[in-house]
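Across the two complexes that follow, chain A remains constant while its partner is chain B and subsequently chain C.
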Partner chain A sequence: MAEEKRKTPKLDELEKGAWPSFVKEIKSAAEKNPMANDLLGQLERSYEEKIGHWKHGGIVGVLGYGGGVIGRYSDLPEEFPNVSHFHTIRINQPAGWFYTSDVLRKLCDIWERHGSGLTNMHGSTGDMIFLGTKTDELEPTFSELTELGFDLGGSGSDVRTPSCCCGKARCEWACYDTMALTYFLTMHYQDELHRPAFPYKWKFKMSGCPNDCVASVARADMSIIGTWRDDIQIDKKAVTEYAESGLNIQRDVVGNCPSKCMEWDGKELKIDNKACVKCMHCINAMPKALAPGKDRGACILIGAKAPIVEGALLSSVLVPFIKLEPPYNELIDLVDKIHEVWSENGKNRERVGEFIQRVGMGNFLEAIGVEPVPEMVAHPRENPYVFYEEYFEEDDEGSGEQEEDK
Partner chain B sequence: MAEQVKVEEVSDAMYRLIKDSMGQKKWKATDLTKAVLELFGDRCDKTLAKSAIRELIESGKCIYTYFGGSFIEIPHREGAQN
Partner chain C sequence: MAEEKKKRITDIGPPHYEKFLPPIIKENYGKWKYHEVLKPGVMVHVSESGAKLFTVRAGSPRLLSIEKIRKYADLADKYCGGYLRFTSRNNVEFLLSDEMKIEPLIKDLQALGHPVGGIANSISSIVHTQGWVHCHSAATDASGVVKSVMDELIEYFTDTKLPAKLRIALACCLNMCGAVHCSDIAILGIHRRPPKVKRDKLKAMCEIPSVVSACPTAAIKPATYEGQPSVEVIEERCMFCANCYTVCPAMPLNDPLNDGVSIWVGGKVSNARSEPMFSKLAIPFLPNNPPRWPEVVDAVKNLVEVWAQNARPYERMGEWINRIGWPRFFQLTGIPFQKEHIDDFKHAGLTFKRSAHLTY
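Right after this comes the complex of A and B.
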């Protein structure tokens, strides 16, 4: 490379230690790519001054799409001309992140031709992230990606690229086919994914079991988490084998059960399944002996978000149990109702969880036509502000007296 | 319901709304939809408004932008490029 290598004494510190270093990778890319070299220079400057030098957002994109490209410009273009434009492209990943090595090579080749060559596999959205290109390179990159069978992902106020755990492809605990549902939702909501029409972003994340490997409960506006409603399957012989091999079942399994629904007398493990909260601890501790029940489906939760405009929220239960099988009509009806109510009444940059907090869960449920159930109470002693009006006779109004036995 | 207006008519109306308030107001897709529903009454519905937005974008007359949220604007050279 003709250009002089940037001096990076502060970044060099991040190459020390046993862990992988992004600095090492950027330096490796900088051997061939001037964008990566200037990126090192600008990053070093940020570390010196303790201030970022990126301008974010704007009007860049590909024709017809409102998502998938995140505009980024340097505010020091004279000093770092090769990163004066440094746009990010999100590419819709395959469900479960399965690739062939051949396709990964082709994706990297495309990015070396049109961008910095730097990737982030994968971003917190789940997408493949291609970091750093110029405005003029966006359409040619998009064209080559579509030729390879890939599409852009979501960004802005749209349906973000749905993502899921590997589900039934590799995990026996998956209570529904997460990859099939992710593919279905991606295809069904193509318009909403590419053409932002909501007050703010909307994320679907699918986890096959309550271990929630994609952390949907903390990140997704709609978390779809696999669960079961019958009894945990027990292989008694395998339980005995665990005990004989030295596992302290009383201390490490029963003692850690959050709902205290298990008993171990030294010979037999008993589970009060009605009290089980599906935390997965016992199943994780004794995977050969215990497994989720056979009557499997999913729990739908709503409203999680990371702190951006307001604080972080975890999602809470909306539908305690649903059988998730094609053609998924029940799920789509529910999602469409939520989108309609939120789009109609949500404020700019208001996530659906914040919207529910503002209008109240009772009003939200009424608007989307869902009956309240006890599982929706998110915290002990929480007042969900749901009033069962049908329990009151007209004469009782104002007295607050509840009619019994109705 | 009265006879629907044509999709081009709706997209033209949206374009005028955006053009007339350029520099003063940024329009989100939902704002544009609400505005044309009010303008055309029962001769327009949400599906038609959605098609009109698509027409507006695919014709190149307008583009999506991102400034905190996603908006629909007339193409221009943005300050950040300078």
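Right after this comes the complex of A and C.
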């Protein structure tokens, strides 16, 4: 390319140091790509002025989809014409983020032909991100992606791209098949994923065990966290080996048990499984000796979100335990019912967690047809401000204890 | 006859993951028995069948050029039969069935500038957002701060000498695309000046009722400007969340004089030992000082090292603070406690100390 390379004295400082440098990545793309070169120039300007130079997103996308592309425009288009439009494309990742070298090369070739040559592997939601291209390139990029068997991810008020941990592919703690469920939900909700029709975004995140490697409890509207109901599996010989190898089982394992359900007499480890809260600590500390039980499934929690609008929320228990096996009918019925109630009654830009806060969990449960159970609360209410919906009048027929059968 | 137009493909979803699983994973799917960390950044998973799968994890800046991805692909061909994966914290993982290939792969990764580590009691890659590279609402850059912090803390990525794992995350504004609010250390870009209403543009660009209702503190009210409908901001009610800017570009908050960084500590998402927790405010404000953000780097390093010196084995940042108490945390870290640390939003009273359980 004949384009003159942008001068970037401030960014050049970030080529130094032991951690891999994003500036080197952008410069590597800028060797051949004028968009990446202008990105460097505009970013250097931000480093000088301590302010971003991107305008608010506009509505851009591919035909028939409402999500998957984030519009982005420079506020200095005359100085940096090659990033005057610089839209992001979200591409739905394969579950668990597994790839072959062959498919990665083909994806790179597509992005070399149509965009900046820059990516995020991956974005926060889980999608593969193609970072920056012009409006005219969106449809050709999409066409080549679908030829290769890939599709766009979600954005806006839709089902966002579901994501999960690697689950049974490489983890002994996976209590259900996270990748299978993620693929199933992604395919089942294709229409809801590509065509925003909800009050706000809806995120599914699947973690195979209570370690929650995809942070579902912090950020998913529906957090599906693997757990088990029976006894922790113990390999006594391996416990002895851990003790002999110097692990302080009393202090580091038993002493850290939140439910105080373990005893160690120097020879044998005993677990009161009825009291165990499935926190994973002892299993994490002794993976060769302990394992989740055999009656495995998941706990479904609802409502997590980051602060905007009304404050951050963690998900809370909705279904204490569910077996998660195909065809997943029970789960789909539950999700559809929640979507129906939330779509009908949620306000614009109200996540389901905020919706529940506004209408009350009790009312929400009633609307979706789920019975309240004590597992849903840290403790019952502390205030006496109970909203009873009906009351008796003196002259009501059947007031008092007696009510006629109907 | 006109050539038949190629059918447009839509709604196909992602490719099925099975296409990308190496044979050893297909054979042992759901049959893994246990794993061991062999050295920093390297672990082995052992199957019921006795098969062994070795994982080598390398750090990445997340923002990758296609040139670098092609180099990853070359390494996957050379060492792993062409298979690789990425993690939830943007690391790249190479999956090997031949133990002898681990050391040569690590050498090649290091030559490529990608350190191996991030497993067990270490700092894994910092989850982060786009910042000035690609976002309209960023109050700070993301990649530059992350690079500066990780350059300084690299030894905690490539080694496993911390008391427990430490998860750092960065979000460049309160939207928190990275959901940083449950991290051991969260670096959060903040605005501190109310939106400046672009009165000449507002009517054309925004719906006034949605701007008014976007404000969680009712700081925005309808107003008239030169006979045109507009809005007015009650500045003392604004806490700079930028939700109004999200729905209306004519309400910008970005401002180099007031934007900067806050630091939060003690959150976690795992259920191990203690329940998941939100991060709490440690440092209300640090300046944006590109290209290396020295104030932020020093603050994060101090937090990591004070925790590392004082925490017990397995104790995450938040668990350590809960044991020693917040007064001791502020004393040990030398961070001044000030008015901004005390919550004054909804349910703030629940965060006040409501007992005489204190240490002296």
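Here, the second predicted complex is superposed on the first by the 376 of 406 C-alpha atoms of A that agree within 3 Å, B and C clash if a C-alpha of one lies under 4 Å from a C-alpha of the other, contacts with A are read in each partner's own complex, and residues count from 1 in each chain.
We take it that contacts are C-beta pairs under 8 Å (C-beta built on N, C-alpha and C of every residue); 3 or more make two chains touch, one makes a residue touch a chain.
Because the structure is a prediction, the values reported are computed rather than measured.
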Looking at the overlay, does A:Lys236 come into contact with chain B only (first), chain C only (second), both, or neither?
neither
Figure out whether A:Gly57 sits in contact with chain B (first) or chain C (second), or with both, or with neither.
both
Pick one for A:Leu39: touches chain B only (first), chain C only (second), both, or neither.
second
Which partner does A:Tyr65 reach: the first (chain B), the second (chain C), both, or neither?
both
Could you say whether A:Ser157 touches chain B, chain C, both of them, or neither, answering first, second, both or neither?
first
Which partner reaches more residues of chain A, chain B or chain C?
C
Give one of first, second, both or neither to describe whether A:Ser343 is in contact with chain B, with chain C, with both, or with none.
first
Identify the partner contact of A:Tyr200: answer first if only chain B is touched, second if only chain C is, both if each is, neither if none is.
first
Which superposed partner A:Arg358 touches (first chain B, second chain C, both, neither)
neither
Contact-wise, after the overlay, does A:Lys5 reach chain B, chain C, both or neither (first, second, both, neither)?
neither
Contacts of chain A common to chain B and chain C in the A-superposed view 55, 57, 63-65, 191, 348-349
For chain A, which residues are in contact with chain B within the complex?
55, 57-59, 61, 63-67, 70-71, 73, 85, 135, 155-158, 191, 195-200, 343-344, 348-349
Taking the touch rule as given, give the residues of chain B at its contact with chain A in the complex, in rising order.
28-30, 33, 50, 53-54, 57-58, 60, 63-70, 73, 75-76, 78, 80-81
Chain C residues touching chain A in their complex are 8-17, 19-21, 25, 29-30, 32-36, 45, 53, 55, 59-70, 72-74, 76-77, 82-88, 90, 92, 95, 113-115, 127, 129, 131-138, 141, 143-144, 146-148, 150-151, 154, 157, 171, 174-182, 210, 213-214, 216, 241-243, 245-247, 249, 254-256, 259, 267, 269-274, 276, 278, 288, 290-292, 313-314, 345-346
Chain A residues touching chain C in their complex are 10-11, 13-14, 16-26, 28-29, 36, 39, 43, 46-47, 49-57, 63-65, 72, 86, 88, 92-105, 107-108, 111-112, 117-124, 126, 131-132, 143, 146-147, 149-151, 163, 165-166, 168-172, 174, 177, 179, 183, 186-187, 190-191, 194, 210-219, 225, 251-252, 256-258, 277-281, 284-285, 287-288, 291, 306-312, 314, 348-349
